[in-house]
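All chains are identified by letter, namely A, B, C, D, E and F, in their written order; residue positions are counted from 1 within each chain.
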Amino acid sequence: MSLTIYRKAHFNAAHRLYREDWTDEKNLEIFGKCSNPHYHGHNYELEVGVSGEIDPETGYLIDIKELKDLILEEVEEPFDHKNLNIEVADFKNLNPTVENIAMVIWNRLRKRLDTRYDLSVKLFETPRNFVLYTG
Amino acid sequence: MSLTIYRKAHFNAAHRLYREDWTDEKNLEIFGKCSNPHYHGHNYELEVGVSGEIDPETGYLIDIKELKDLILEEVEEPFDHKNLNIEVADFKNLNPTVENIAMVIWNRLRKRLDTRYDLSVKLFETPRNFVLYTG
Amino acid sequence: MSLTIYRKAHFNAAHRLYREDWTDEKNLEIFGKCSNPHYHGHNYELEVGVSGEIDPETGYLIDIKELKDLILEEVEEPFDHKNLNIEVADFKNLNPTVENIAMVIWNRLRKRLDTRYDLSVKLFETPRNFVLYTG
Amino acid sequence: MSLTIYRKAHFNAAHRLYREDWTDEKNLEIFGKCSNPHYHGHNYELEVGVSGEIDPETGYLIDIKELKDLILEEVEEPFDHKNLNIEVADFKNLNPTVENIAMVIWNRLRKRLDTRYDLSVKLFETPRNFVLYTG
Amino acid sequence: MSLTIYRKAHFNAAHRLYREDWTDEKNLEIFGKCSNPHYHGHNYELEVGVSGEIDPETGYLIDIKELKDLILEEVEEPFDHKNLNIEVADFKNLNPTVENIAMVIWNRLRKRLDTRYDLSVKLFETPRNFVLYTG
Amino acid sequence: MSLTIYRKAHFNAAHRLYREDWTDEKNLEIFGKCSNPHYHGHNYELEVGVSGEIDPETGYLIDIKELKDLILEEVEEPFDHKNLNIEVADFKNLNPTVENIAMVIWNRLRKRLDTRYDLSVKLFETPRNFVLYTG
C-alpha cells in the first residue's frame, strides 16, 4: 500500500547565486543574471508530501494541521520575506539554488517528522522551473 | 518502459469527519471544524492514472473515452452533489477523510479495470491539500 | 485614474438550493441536484477588489493586511466549514445561490469599508462557474 | 464595440518597501516584513490589455508580436532579475509597492503605444495579491 | 446594481491565419508561422459572461444549465475538433484570428440570448494570449 | 538520494489520429472526432524532468538554460505551429496520439542528454488529458 498526503505552502524571498571564492566574472559566466549582486527574488511554491500508513481509528495518515504547523515553523517563518543569502544560516556556505533550497527544506522537515513517515519536497522557483527531492 | 495516462474529473460533495462511537467533544478535539455536525463541503478534483503498455495498432495505452466513462460511472455519478456520510454506502462505516475517499475511489476503479493496467488516484480536497494512492 | 487592488481568499461550505414554500418536486425541477436535501458543498474562491486613490505617502491604495483581516472577519470566519443554509443567518430566508452569496459578501464588506473606496466581489463556486458583483 | 487583447509576461525581482525619510521603526510599523532592509522578492506576473478597433484587413487588433516585443523592451529587460529599489531608476524616489509598479509599467507602455489604443495593466505580486491600473 | 455570471467551456481546433487574396509570401510576412498552410491548432478556453438582474424567486441571474447548453450548441458542437478555416462556415471569408473567433462566438450567443441580458466573451488562444469582447 | 529538476515548455500543433491502412469508417469508429481528416489541434504543455546528482561546486543538477535550449531545439522548433502528421517526420508512420508524442519527445531528448541523467516527460494534450513517460 502506498499513500501520500500533500500540503502546499509558499514564501517570498530574495537571493542571488554565486560563490564567494569565484570572481564576479566567473559568477556571471556560470550563473548569468541570477548572480546579480543586488539580488532578485521569487514567490517559492512548496508541496510537501508525507507517505505512510493510514491510522484506522481516525482515517488520517497524519493530522494535516500538524503538517501545516511544521511547515510554518521550519520553512515559512525562517524563509518568508527574507534574503536567503544573508539572513538564513543554512545558506551561509551553500549556494541557494532551487536544488539546494529543496534539500535544506527536506532536511529541516525530516528531523522533525516521525521516522514512520517518508518525505518528499517539491519546490517551484517559478511556474516553469521546479525540483523534487525525496531524500 | 513506463507509460501512464491521466484523466482529470471532479465532483462536489458535503461531508463531515467524525466517529459515531466518540462523543461530540472528542470528535471536535480530533477533527476540529471538519467535524461540524451540519456538514461542510468541497470541490473534489480527481486525477486518475492508468499505467501499462502501448497498443502498437492504435497508439493508445487505453481509450481515454473508456476511462472517462468508467470515472463517470464509478465516481462522478455516485458522489457528485451528494452528502458522502449519508448518501454514499462506502462511507457508512468509514470516515470520509481525503485519504479514505481516495482509497474508496481506487478500489471502485480497480475492480473495473483490466488487470494488465496499474492504477493511481490523486484526489484534491482543496487546492492546498491532496493525496496520492497507488494501491 | 482607475486603480484597483485585489485580494484572494477561500472558504469551504455545504449548501443546498431550495425554497421552503415549494414542494420537493418543484425544488428538484428548478434546482436539479443542487436541491439535494442532504446538502452538497464547494471550495469557494473569492477575489475582493477595492478601487480608489493611491496614498502618495505610502504608495498603498489600502493596506492589504487590513483588507485581509476584514475578509477574515466578515467572510472566512462566519462561512468557512459551515452549512450556509443552517448556520449563516444571512441565508435564513435567502437561497444560497452563488449570486446571492456574492451579494451577501459584498454587503458585509461594504458596510465595513471606508466610503472613499469602491468594492467588487468575484466568487467562484467551481472553477467553471463564478459571478462578479459590483454593487 | 469593445475589444481588448491581452498578453501575459513575467519577471522576477527583489524589492523592499520603505521611505528614506522615515526611521526604520516607522518603516517596520507601516510596511511590516515588506520593509526588510535585506530585501525579499517575487515572481511578478503581468497581463497587459490593449483595447481598440479590429483591422478588417488582418483581423488583428494589434500584432501580438509587436505587443510582446514592447513588453520585453519596456518591462522584462529593465525589471527582470533586478533589485527594483537599487537598479530601476523609476523607483529611485518611488516606493515599489505593487500599485506603484503597475503605474510605472502602464506609463512606460503608454508612451510607446499608438494613441488609438487604450491600455490596462494587471500585475500579480503573488497569486493572492494583484492590482489593475487603467490610467 | 451590476451582477455577471460566468461559465467556462473549451474546444480544440485547427486553424491558419491567411488571406486568399494575398500571396504566400505576404501571408508569411504578416502572420508568421500562424499562416502555415498545413495548419496548427489550439485548446481554446472560453469564459462567457451574462449580466442582468437577479430573479428574486430563484436567486438566479440565469439558469447556468441553460447557459451551459447554449454554449454547447452554439460553440462546442460546431467548433470542437474542427478545422475552423475549412469546416466552420463563419470563417469561410473571415480570418480566424482570436479576435474574430471571439466576435463570432459573441454574435452566435447574442442572437440566442434574451435581450434583458448583456453578454461578454473572453477567449484564450493560449494561456498567454486572450481577448475580451463585449459587443 | 533522488533529485529531479523540471522545466516546462509548450507548443501548438495540428494533428489527427488515424491509420492509413484503415478505412475512414474504421478510423472514425476507433478514434472518433480525433480522426477528423481536416485536422484539429492543441496547446501541448510539456514538463521535462531530469534526475541525477547535484554538482557540489555550482549547486546545480543541470544548468536549466542548457535544458531550456535542448527542449527548444528538439521539441519547440520542430513541433510548434506545425501539422504533426504532415510536417514532423517522426509521425510519418506513427499515429500522433499523446502517448506516442510523449515517447517521441523522450527519445529526442534522451539521445542528446548525458547518460548520467535519468529523464521523464509529462505531456498535456488538454488540461484534462496527459501522459507521463519515463523510458
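FYI, a residue touches a chain if its C-beta (ideal position, glycine included) is under 8 Å from a C-beta of that chain, and two chains touch if they have at least 3 such contacts.
Values in this document were obtained by computation on a predicted structure and should not be read as measured data.
Novice: Could you give the fewest steps needed to travel from chain A to chain E through chains in contact?
Specialist: The distance in steps between these two chains is 2.
Novice: Using the contact definition stated above, find the chains touching both chain B and chain F.
Specialist: Where chain B and chain F share a partner, that partner set is A.
Novice: Go through the assembly and pull out the chains touching chain A as well as chain C.
Specialist: Expected: B, D.
Novice: Same or different for chain E and chain F, when you check if over half of the residue numbers at their contact belong to both copies?
Specialist: On the two sides of the chain F and chain E interface, the residue numbers are mostly the same, over half being shared.
Novice: Look at the interfaces C-E and A-D and say which one is made up of more C-beta pairs in contact.
Specialist: Pair with more contacting C-beta pairs, C-E versus A-D: A-D.
Novice: Could you find the chain whose CA centre sits the greatest distance from that of chain E?
Specialist: A
Novice: Comparing residue numbers, which of A-B, A-D or E-F shares more than half of the contact pairs of B-F?
Specialist: Comparing each option in A-B, A-D or E-F with B-F, the repeat is A-B.
Novice: Based only on mean CA positions, could you tell me how far chain C sits from chain D in angstrom?
Specialist: 29
Novice: If you average the CA atoms of chain D and of chain F, how many Å lie between those two points?
Specialist: Taking the mean C-alpha position of each chain, the two centres sit 34 Å apart.
Novice: At what distance in angstrom does the C-alpha mean of chain D lie from that of chain B?
Specialist: Computed value for the inter-centroid distance: 41 Å.
Novice: Using the touch definition from the top, which residues of chain F touch two or more other chains?
Specialist: Those would be 127.
Novice: State which pairs of chains touch, listing all of them.
Specialist: Here the touching chain pairs work out to A-B, A-D, A-F, B-C, B-F, C-D, C-E, D-E, E-F.
Novice: For a test of understanding, state which residues of chain C touch chain B in their complex under the given definition.
Specialist: It comes out as residues 10, 12-15, 33-34, 36, 38-43, 80-83, 86-87, 126-127.
Novice: Sort out for me which residues of chain E touch chain C in the complex.
Specialist: Listed in rising order, the residues are 1-9, 49, 54, 57-61, 64-65.
Novice: Using the touch definition up top, name the residues of chain E that touch chain D in the complex.
Specialist: Going through chain E, the ones touching chain D are 17, 19, 30-32, 94-100, 102-103, 127-135.
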